[in-house]
Structures are given as structure tokens and as C-alpha cells.
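See the structures that follow.
One chain, chain A, appears in both complexes that follow, with chain B as partner in the first and chain C in the second.
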Partner chain A sequence: MANKSILRGEPVIRISRRADISWKGITIVKASSILCAFLLCGLLSTIIAPGSFFSFYGGVFSGTFVNFDTTLATLWDAAILLLIAVAITPAFKMKFWNIGAEGQVLMGCLGAAMLMKFLAPHVPNPVAIILMLVLAIIFGSIWAAIPALFKAFFNTNETLFTLMMNYIATFIAAAFSKANKAVGSTEIGTINISGHEGWLPNLFGKDYILCIIIIIILVFGVWFFLKFSKKGYEIAVLNGSVRTAEYVGINVKWVTIRTMLMGGALCGIAGFLIVSGSAHTIGGNVVNGRGFTAVMISWLGHFNPLQMSLYALLYSIITIGGGSAAGDLGYSADVATVFSGIFFLIILASEFFINFRLKFNFHRKKKEDDNPPSETMVEGSK
Partner chain B sequence: MFLKIIIDSIRFSAIYLFGSAGETITEKSGHLNLGTPGIVCIGSMGSMIGAYFYISISGGNTIPFLSVLFPLLFCVLFAGLAGALFSFFAVTLNCNQNVTGLALTTFGAGLLPFVASSLDGEVTASFATKIVKPISHLFPKTFYESNWFTQLFFSYGIFVYLGIALAIAIAIFMKKAKTGLFLRTVGENPAAADAAGINVNRYRYLATIVGSAISGIAGLFYTFDFSGSMDTSSLSGYGWLALSLVIFTMWNTELGIAGSFMFAFLYISSKYANSTPAGEQLVSIIPYGATILVLVLSSIFSRKLGKAPAGLGVSYFREDR
Partner chain C sequence: MEKELRVELKGISKSFGRVIANQDVFLKLYSGEILSLLGENGSGKTSLMNVLAGIYYPDEGEIFVNGEKVIISSPSDAYKYHIGMVHQHFKLVDTFTAIENVVIGLNKHDYRAIAEEEGEKYRGFNLKQSAKRMEKMCKQFGFKLDPWKKVSDMVVSEKQTLEIVKALFRGVDILILDEPTAVLTPQEAETLFGVMKNMKMAGKSIIIITHKLNEVLEISDRVAVLCKGKVTGDIMTKDANEEILTEMMVGHKVDLNIDRKDIKNTGVRLEIHDLSAKNREGREVLKNITFELYGSEILGIAGISGSGQKELLETIAGLNKETHGDIIFHNPKKEQPVTFFHKNIKQIRELAKQEKFHLKGQTEPVDLSKYSNKQITEMVKNEEIIFYEDEIMDIKNKKPIEIRDLGIKLSFVPEDRLGMGLVGNMDLIDNMMLRSFRKGKGGMVHREAPKELAEQVVKELEVKTPNLSTSVKKLSGGNIQKVLVGREIASRPKVLMTAYPVRGLDINSSYLIYKLLNKQKEKGTAIIYVGEDLDVILALCDRVLVLREGEISGVLRCKDTNKKEIGLLMTKKKEMTEETANGQ
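== the complex of A and B ==
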């Protein structure tokens, strides 16, 4: 069976792994794939609502950057996504597949919301906010540490474990929301709507600005940690080879747990920012799938915060703008999710051209050769 | 009332059974397809398109047999295409499987409500009588309503029986057939399988396409049998549960019959129990908690309980050896 393909001659297309690719090449591939994704979304819109190719992009613009408020809302959406993506990056770098960011952020939200509901009205606001932040960090890191402990000591599959933890967090948050329902509702609603206790203050009279500044500082901190600290270097060694790490005396178990604790803490901060800075409520879907989106952003950004921020921003533009364009053109806003799916699939496909090289061979030899298998072997051994 | 809970649970379990049986085939080939929730949604979307198409071409004079066949064909077609898309990314383009799966879930979960809302309302209104009825009950009403025994065993639609038969067939195929052995080899150690002359890529493609097509039927079942409505907001959540059921049953589809019943029973009984809304949410945790428990126990006692396919989630590229 295996010989059949050899007898057929050399294949027309040969795929081989690239040793490395120039910075320029990456930029060209990435830029063209982003352009391609945006074009496809426009084409899809044209199919749904004929003749809407240009008005689609107009709609995208009017939903995102048309004035300062919508720009801020788009930037906030991108920033919180970036923070979550950065939070899971250290774990990814040591090949710990933490897809539980959704749950870790949600537990952070829960910690912040609990104190916001029960403590914030009774203490000064700065005290309440600091305590909320602390509890959010604790909750987030506990949620991340549980799978890490099992991974470290029993080698339990972390992908599936963290995935399940997401749903447990979702139901706990929903239960908290329903158990403390507002009058005349089945859910908790906006917490402290009259006194704004435990809400992050507005900077320059606008929402989100303070949150965005905090996130930029945190992201820079993580980048610095991974790039220049000894602990960050240990993660890089683990990424290369676990055996090497053991040989040079790195305690693999402890690094795994420590990295996850850190990631969980950052997720907790993201949860705190969502509850205290933006949503002011809690429920099963307050994180809104950002934990899963962040996994894709982190991976597609090659764990580089600069690239990740680009993708986070593009994702926010395509979902917020796509939704508003759909509203303008009179079709269902669910299409925004389809756009984001297309966006990720196209960018993902472009990774192929970065990692692999295609060799075309149109002058391939047919099977009239006397002894083709040996020839392929010679070529293979080169 | 207890009988009603059991009957509803058995019906509902078909969603998990189809979803997990399909995903088991996929995972046995070494593909961790996190796109299953999206594929379930795409299956539901396909069945809606099939039903819509059939009602349109038949002009309203529907035959029950074709009313089942058309949604099924379209469902399998679309879900299979989604599986092919996953394989194209994971095998041909060598992309990361987790990321591909999540992107596919995003895509499918968005596509379903979008397509559902853009279908013509007049035609979808006739789904209830023309499509849901033949799918949701295999036997005539006068027959199964006579006593509790027939109610318990014969009050379901064709897909409940099909799901159980399929789960058993897959289990036999995996353990007894030569192709099943090859498939397991590909999932455990693709390099060894390749060396033995098994075409790894072909097996992975086919297993993922077939598995996705089966998973997609879960979407059809939910839309036209269990809920009988166009409301599909909770469908992707069931898809994730189907994914966890695969682990819960330790990649054995015959155990999936009991496992899916257990998951469904927990879900249905929490609806009937006179608990608070918060309590209902907490009951929903049990299936996920139980899955984690199985996951942990199986990692501690991996020798006795069996394990995930060793090559699960790892792309295979020949030149990397």
C-alpha cells in the first residue's frame, strides 16, 4: 500500500517544515490573511444583503471608531481580551494547555461581585475596591491552581480538566446571581446601582479609561517578566524540554503550579475589572466567551503581547463593528459571531505558510523509471 | 411523574449519545475536536435547511419517510463538511487542534442562530406538523399510550433507537474489526501506524468526518425531536457536555448509553425537582464534577482504568520524526 504512492512518481506539491522565516515574510503573510478575512466578511455580507459591500465597511466603522465613546468601548473590549490572553500565555509557553481562562476570570468576577454586594455599601470605597481586587485574585488563582496541582502530581490531562472547570464556574456564578436576585427579577441585576459602591471611578468623566491604563501596565509587566526575569526564563526552558529543565535543577512541578497561580491571578484581575469597571453585575455569561477567544488570540499572536494586542483589536472591530453593520443593513446581529469565526479560521490557516514551505514540482518523473523507490530514498536522505 | 422523568431522560440522552459517540470516533484517531459544540450546531443548522428544502420542493405534501430522510441527509452533509474542515486544518495545514476546534465552535455557534433567523417564518412554522411529528414518534400514539411498559420503551422517535444501536455498533467496530484496530493505532501512536503502512492522514480525515457527521445528528435530534422548536440557544452547552461524556465513559461508546442517561437524568430531574433557581444551577454542576472525578481517577489509576489515546491532540507530520 505504501509503495503505491512511490510508484506514481514524485508528488506535485511537497510540504516541508521551514527552518525559519524572515520578519518581512511573516508580516506579508499575516497582513494578507487579515485583509483576506476582512474581504471575506464583506463578501458574506454582500451575499446576505445584496449590494452592501461598501456599506458593510461603513457600518463596521460607525460601530467602532466613529466617535470617542464607541472608540473607547472597542478599545476596552480589546484590552480585556488582551489581558486574559496575556494571563494564559505563560502557561501556554510551558505547554500547559490551560483553556480554563473563562472559568478563572468568572471566579474573579464572582469574588469581586460578592464583596461588591455585601461589603462595599458598608466601608469606604477605596477599601472596598482593594478588598474586591484581592478576593478576585484569590478566587482566580485557586481556580487555576486546582488543575495545575493534579497535572503536577498525577499528570491529569489539563486541557479537559480546565475545560470542565469553566462550566462549574459558570454554574456557581449563575447560582450566586439567582440566589441574590434583585426585586422583581430572577437575576442579581446591576449591583449598587444607586450609590455606585465598589465601582471603579471614572477617569476624565469617561468609563473604561482607568481600566485600559491598568491593563496596559499589567501587560507590559508580564512581558517584562517573561522576557527578562529568571522565573520567566525557567518557563522558556520548560517549553524547550522538560528533561533539560529537570537536569539543570528546575523544579518542574513547582514551576507548573507557580505559573498557573500567576495566570489565575491575572485572570482574577481581569474578572475584577469586568465586574468593577464595566459590567457591575454577575451571572453565568458575564465573561461572554472571552476566555475561549483569548486562547485563540494568545496562540495566533505567537505568545507575543504586541501581536496579541493587534489580534485582540481586530477581533473587537470585527465583532462589534460587524454586529453594528448587520443592524444597519437589517440582518441578524448573530452574524458577528460568524465573522469572528471566519476571522480566526483564516488567520489560523495563514500559520501554515509561516511554518511550512510548499515546493511545486511540475516536471515530476512518471513511473517509467526502472527503480523509482531507490531514487526517492536517495532524495530523502539528502 | 417518576415515569415521565425517566422517559424524558431517555429521550434527552440521545443528544449526549450522538454527540459523544461521534466525538469518540474522532478522538480515537488522535484528534481532540473541541469544535464538537460547533459541529452539533452546524448539524442542527443542516437539518433545518434540509427540512426547509424538503417542504419547499414538496409543496406541503410531505411523506413521513422523506421528512425524516431529508433533514438527516443535510445534517450529516453539513456536519461532515465541518469535520472535513477541521481535518483540513489539523492534518493538511498542521494547525493546533485546540485552536482550530475553538475557532470552529465559534463559527458554528454563530452560524446556527443566524441561519435559523434568516429562514422564512411561514415555512418554519409548518416544521412542527410536517417534520417534528414523524421524527419524534416512531410508533402510533394509540399503541404506546396503552400502558407504562410501552410508554417506557416505544414512545420515542427513531433517533433514540438509532443512537443506541449506533453506540453498540461503534463499540463492536472499535474492539473487533481490523479497521477499528488500525484506527486505535493511529490515535495511540501515529508514527508506528505509519511505519506499519497505515495511511495516518486518511484515517484521521475519515474518522473525523464520520465522527462529526454522527455528532451533528445530536443537533438534528434536539431541533426536531426533543425541543421541537427553533430555539437553539442552549445547544452548544449540550455539545460541551457531550465532549465531557467522552472522557466520563473512558472512550467506550457502549458505556456512553448509560452515561448519557445519567447526564440527561440529572438535567431533567433538576427541572422537575421543586428546587430554587439557584439550586437548579448547582445541580447542573454534577455532570462536570463527575467528569473531573473520572479524569483524575483515571490519571491516578491509569493502568487499571485505561487512558486517553496517547496521540490525542498531537498533530502528526511525517518529517518531524
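== the complex of A and C ==
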């Protein structure tokens, strides 16, 4: 006969792995998680500034898409973030965990800023801009190639290596800024503020349009490279396993270095676009942590540049819009940063529902209410 | 002795996503019996036993132990009901000694019980006390195991013994063994069966999961057959034979004969001389390997797992850097025209200088220096320049890509299908071009030819896949293997190396692979077959090479040998091998 004390262990919620989920299912889960994230941010805002549920969304809107200029600024912010995320993606796809994009972009910034300061006033603007771009690419690539070489030949840990390279880059940039400080300041300030030498030209009278177009072309190019080129195919094989790559005769060391050089070059371009297209200055924080945010964007987008553009845009909306809402509602802009963290935590958490399904044991619970079971179990398919 | 019902499974169902592992399974186990759970790979044997051992929780169904309904939601629950399982992949801590592994996870109540049983004072966690009990138990059942030996120093059979001892130490009455003989030599399997019989005498019940029919017939009292997640039959062993069991397993009659044709070999294809190699950790894994491989021959390689089989194939394929000795490939070019396949005009001129060619219909060496490049191109196209002899090339220390660039058609079906032979996340088409993606001009990949090849492989080898753009990791083991073998055979290899090509495959797929290999043999391919089932090696291969700890302990004609002889060579000490070698 059934003994109740023995039956105690039956789990009420069980988590089991999904074998497959349709494209539709993924879209529904993702869309509802984004919706939840937006709602939660509104609710949190209501708690901080009582009754501000709807005015929060008003604030987000007025900071981002209220007019053409703010829309462009938001798009530009998203585009730069996307470019950096795309730059690290090829390396990520071959399981080279490069978290040094911050430093690589910053070195690109430095390359561009150096020529902007010392060369641009003395040569025609197109020449200056092209040389700035080239030096930015070289600087970014070198910064990426160093950890790649060490990884290829000494098998050093690329995560720690690239991370430390970030700090070195930060202080080099800060030192450059201080060494060339503007009159009456401790930092370099806006370079060539009067003559705009080495500044990217405006398109249709707007700052950001040229940048955005360049980035869209680059992102599409990387997507095409990864999907259709032989070199992109080699990266996909390395994503499978190093043993497979060796088995089919791929030179793993060279592919590692080559891919990082390419990522570094793209980071360099991002740095050039930041300095020449918008910031017109250099310092330790000109990249503003985008190199790290890009890691998250790349992962969320499953290393697919097209998916990544969605998340980059969402990130810019929630940070810029959240900041503007915080200003409108009178609480600290730091709270908006908290919102963006919560926002993406929820989207990340939704991955769980894509990979697993929950099963409830309601019917048993009714039968034996006096013995509420509490355990949950995780089961993996083999 | 009246047999009492120990365990009863009623209507057990378990699925993973869309995959149904078990459906409505009823099974009974009596005391003092050995029950064989027979079924093909993927028929749900292991997952059913995992349900009983508390690894999985069933979606539906009930479990009764000694007539009482029980809930088993963890392995420790299972131990509570005296159920223990020895998994196919051992779960031991390598850096611990045997006795340390045995007592892992015991609590003070267990230690108190041990002390009481031994009639000694309870001294808490005490390895010596536990070791004493373990030794006593080993004696009772006939195990040979030193409690103080480290797991990392143990051979596979000792590890398995330790797993069994660990279960018995916890007072297990119902022991589940998941494919225990897969890692053992025939002799070691005999020892295990002896121990199992002792346990049976002591009233314990054993469930043995296997897909080897001869073992079932030898050891068990009763056989339960699983097919596609369901129990399709339950038969007393004395009433069964191989034909009946196979039919129960696959649902229809299967011809279990492998048709080995005696084909005259077509000359040496591969010559391995005094080959030694180290693995990535720098340990010597191959020692002084010397053998020849002929065209139209299947050479079997037997050995306990980890005796250097994998390393031997990888070394020949150019995947191992630390090697000594020679690997010489004979490209079968005798009396064949030279082609532009991996040879350019300069190389052809060079070879002509070494008097390697004659013109069609002539016997004296041709002097190409008096011809222009254009004329030579024309002559090659018309197949007028003929090789005198096979081309001989040393491929030692050459990378896979360099071997391919020499024009050597060497195919390799590695043991690790998704970790080496294929990329799991890629679809069928992309996997087809793994070895050939560099073909074609420009920087873009060309997916037309691979697509055709994928279509052809799917059709000819009956690969079950929703479509060509399905990730291969979503296919079943057998279908994954068909994709891999299909691709490797499609390049019309001169040498085909296969490592455990039927591991994890059902009977039908296995026989399809044997047929494919035999077909390649008829075409003149030299084939190396690394296998674990000695019966298959004896039936399929022409010769068998036995490896022991990285050395060749014997090369035998399959017709003139038997399992026992091979089994002895697999384990025997080196001196003895030399004796027999001299005696022959």
C-alpha cells in the first residue's frame, strides 16, 4: 500500500530540456521578454517617482524618437555599439573570448586623435581623414594582434590578456590627453574646435548620417563575410571544434591571428568614427564602456550581426531614453543605468524558456495536500 | 528457492522534448536472477534504468520495490531502496584511492552501521575500518581489488570492479550494469560473469544492459527486449537463440552474415615502418609500429580501448606532430597516365627527368625537355604520358592539407564524429564541404557541388533527415555516421581509415556500413577498420592487427584465428608475445 512518508519526494515542478523550438516560438518568447522588460522599468520608475508610470515612457520617447535630431543621436549610439559588437563577433564565433574591444577601440581613437591634433591642420582634409582612418585601423589591429599572437604561440588565456590590455590603453589615452592639454584645462578638450580639421564632414547638414551609413555597410559586410566566404567558413568550423579544424587542414594559429586582426581593424574604425565623427576629443573614457556592452550585445544576438542590431538599438533606447526620463522625473541618471541592467537581465533570462520547459504536477498536489512536496529537479537530455 | 518479486515498473514513460525514450514500459525483476535488457542503441534501455536509479524522473508510471510503491527522485533515494547502477562512463574521482571512492557520500549513520556490522567500536570516518569491510566483501564475491590503489593507476576493468564494489558496499540488492563488457577483453568479461554468478547466488538481482546477443545467452536467466522505447518481449534465456532475439530487437528478420569476398590484394598501399608517436601530453602512445596495408584489403585493429588505435590513425592522417619512423604511401599509378590532379607542368617535367614516365605504346623513358608546355598539356590531356611504377611518397610529419596537396586520397572516419569529423551546428551541405571548401576560385564558398553530394548521400545511404539544411547534431547517431562515412567515401579514397564506424549504430545501419566497406574493398581501396566487437572484426576483416599499450602484439589472418587468441594478445605481457612470435 502507498506509504505517504515514502511518497514525499515527488517533485511538483520539473524542468526538462526542449528538443526543438520553432522560429515562431523563439520570436514570441523574445518579444514578450522585451515587453516585460519595458513594463518592469516603468513599474520601477513608478516606485521611485510615484505615479510616473506613463510619464516614464513619455520621457523615454522624448529622449529618443521625439524629433529627427534625437532619433539620429540614438541611432548613432546604437550603430557605434553595433559596430563594436560586430567587430568582436568573428573572434567569439571561434571561441576566442576577446573582451578587449574597449582597449582596441580606444587605441583606434588614439590613432585618429594623434593625427587630428598634429597633422590635420597642415594637410587637406580628405588626406587627413584617410590617414587618420588608416592609423586608427593599424592601432586597433596591433592591440588585438598582441593577445592573438600570445594565444596562438603560447596558449595564454585570451580573456585575462585582452582585459588587461584595456587598462593599458585607457591610461595611454589619458596620458596623451594630459600631455597635450588645452589652455586652461587638464585635458585635451575638443581638438581643432575652430577649423574642424580632421572632422568627418556633415551629410545633409547632420553630423551622424555618414557614420551610420558607413557602419551599416560594414555590418552587412561582416554578415556576408561570415556566411558566404571561405574564411568565414573556416571560423564556423573552428566554432565546432579545434580538432575538426585540424582534421580538415585549417591552420588554427593563422586563423586566430587573422580573425583578431580583422576584429581589431573594425574596432579601430569604430574608434576613428567616435573621434572624427562625434567626440572630437580623446581621453580614458571616450569609448564609455561600449567595448564591454558590445560583449553582451554579441551574445544576445547569437553572433548574428542582423539580430545584434536589434539589441544594440534597444540598449541605446533604454540608456538614452531612461536617462532623459530620469531627468524629466527628477531622479538620478544612475537609476537609468540600473534600468538598462535590469532590462537586459530579463531578456537574457528569457533564453531559459527557449532551452527548457516547465512541467507542473498539479494533479498530484490535489491528491495529497497534506504533504506539500518542495523539490525541483533538473533533467538534461543526453 | 521460491523467487520473489523485487522490482516492478508499471507504465513508465519518459520523453525528452519530442524524443520518446520510454513509453508505457512494464518490467518485473525477481530476486536472485540476472535479467538482460536487450535492445538496439536508442531503444531506451539506459534511460529506463536511469529512471530506476533515480537519475531521471519518469513522466508517467509507478515503481514498486518489494511490493511497495516508491518515489525515486535521486540516486540517494535509489540507494535507500537498495538499488545501485554502474554507468557505462564511470563516475569515480581519479585522484582518490579505491576505498575513498567507495565511502564518498556516506554519513555517520552509515559508518556506525559499518562498525556495528564488524563488531567494532564506532570511530566515525575511518578508512581502515571501511577498507576491512571492503576486503571482506571482495573475498565473498570474488573481486580482486586493492582498497589503497589510486583510481588513476587502475586499468579499466579495475575501475569497473570498483564501481560494483561501491554499489555493494552500500548494501545494494538490485544492481544495474550498463554495457559492462564494452570495455573488457573476452577474458575480463569471463571474470565479470563469474562474479555476477556469485552475486546471484547471494540472492542479489542483476540487470545487465547489453546489445551483444552471445552475452545475453551466456549469462542471463531471462531477457527483456526493448524496441523503440517499449518492451516488446520477455523470454526465458533457455528458450531463446540469436535469431529469435534479433527478430525481437528489430521487429524483423536480419541477415547476420557479413559477406567477406576473397579478393587478391592489389599491392602495398601504405607502409608503416618503426613508427613511434607521442600524444599531446607528451606520453608515448605508439611504439615501433611496423606493418603494411594492401589494396583491396580490410585490416582490422583490435585492442583494449586506449591502446593506441586512435593515435595510430591520427598519426597516419597527419594530425600528430611528435612522430618518428616512416609512413610511406604508394599511390597506385603503375601503368596509369599522369594527370593535372595536384601536379603541375613543372613537377611533371621534374619527374620525367627522373625517368618516371614512358609514352603510351612505348617502353623507354620519355624525355619531356624537348616538348613545349603547350605540347605537354596536350599530351597529359590525351593521357599519353604513363607512369612506370606506383608513386612512392613519404607522408610522415605532413599536415592533412599537405597530404591532400600531394594528391593522396586518404579518407579518415574519426571516432569522435561531432568533435572531429563533422561540425554539429552546421547543416548537411556545409558538412559535406568540410574537406573540400577550398575548391573553386575566389574568396567565396561554392555550395552547389556539396549540395549535390549531400542529396546523393541522403538518397544512397538512406539518411533520415527533415531536409538538407538541418544541423547534423539533430540527427540520430546512425544518420550522423552515414553522413560522415558518405562524405569520406565520396572522395573515392585509396586508403580509408575508420575508427569505430558502427559505434552507437543499430543493427541495420551497422550492416549497411559493413556493406559499404566491402564495396570499397572491391573497388581496390585499402581499408583500416578499428573496432571493438571481435566477432565483427573476425567476420569482416582479412587480417587483424592487435595493439597492446601502443605496441603491436600480433598480426593474424582472420580466417585462421579466433576470439580467444586475439583476446590473449590484447592483454598479454610483451615477453610472452615475443615467445609466441618466435614459436610461429
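FYI, the second predicted complex is superposed on the first by the 337 of 382 C-alpha atoms of A that agree within 3 Å, B and C clash if a C-alpha of one lies under 4 Å from a C-alpha of the other, contacts with A are read in each partner's own complex, and residues count from 1 in each chain.
One rule holds in what follows: a contact is a pair of C-beta atoms (placed from the backbone, for glycine too) under 8 Å apart; a residue touches a chain by one contact, two chains touch by 3 or more.
For clarity, every value in this text was computed on a predicted model and none was experimentally measured.
Q: Given the touch rule stated above, what does A:Met296 touch, chain B (first), chain C (second), both, or neither?
A: Touch status of A:Met296: first partner only.
Q: Mind telling me which of the two, chain B or chain C, contacts the most residues of chain A?
A: B
Q: For A:Thr190 in the superposed arrangement: first (chain B), second (chain C), both or neither?
A: neither
Q: Check whether A:Ser241 is in contact with chain B, with chain C, with both or with neither, and answer first, second, both or neither.
A: Once the two structures are laid over each other on A, A:Ser241 reaches chain C alone.
Q: Taking the superposition on A as described, I'd like to know which of chain B and chain C A:Ser229 touches: first, second, both or neither.
A: Touch status of A:Ser229: second partner only.
Q: Considering only touches as defined above, state whether A:Ser16 meets chain B (first), chain C (second), both or neither.
A: both
Q: Look at A:Asn304 in the shared chain and tell me whether it touches chain B only, chain C only, both, or neither; answer first, second, both or neither.
A: In the superposed model, A:Asn304 contacts neither chain B nor chain C.
Q: Give one of first, second, both or neither to describe whether A:Gly249 is in contact with chain B, with chain C, with both, or with none.
A: second
Q: Check chain A for residues that touch chain B in one structure and chain C in the other, and list them.
A: On chain A, the overlap between the chain B and chain C contacts is residues 1-2, 16-17.
Q: Under the definition above, what is the set of chain A residues touching chain B in their complex?
A: 1-2, 16-17, 48, 97, 99, 150, 154-157, 159-161, 163-165, 167-168, 171-172, 174-176, 178-179, 181, 186, 284, 289, 292-293, 295-296, 299-300, 331-332, 334-342, 344-345, 348-349, 351-352, 355-356
Q: Which residues of chain A touch chain C once you look at their complex with the stated criterion?
A: 1-3, 6-11, 14, 16-20, 228-234, 236-237, 239-241, 243-244, 246-249, 251, 359, 375, 377, 379, 381-382
Q: Okay, in this complex, where on chain C does chain A touch?
A: Touching chain A from chain C are residues 16-19, 46-47, 56-57, 59, 68-74, 77, 317, 319, 399-401, 404, 412, 414, 416, 418-426, 430, 433-435, 437-438, 443-445, 474.
Q: Which bits of chain B are touching chain A when the two form their complex?
A: 32, 34, 38, 85, 89, 93-96, 98-100, 102-111, 113-114, 117-118, 197, 199, 240, 243-244, 247, 276-279, 281-282, 284-285, 288-289, 291-292, 295-296, 299-300, 308, 313, 317, 319-320
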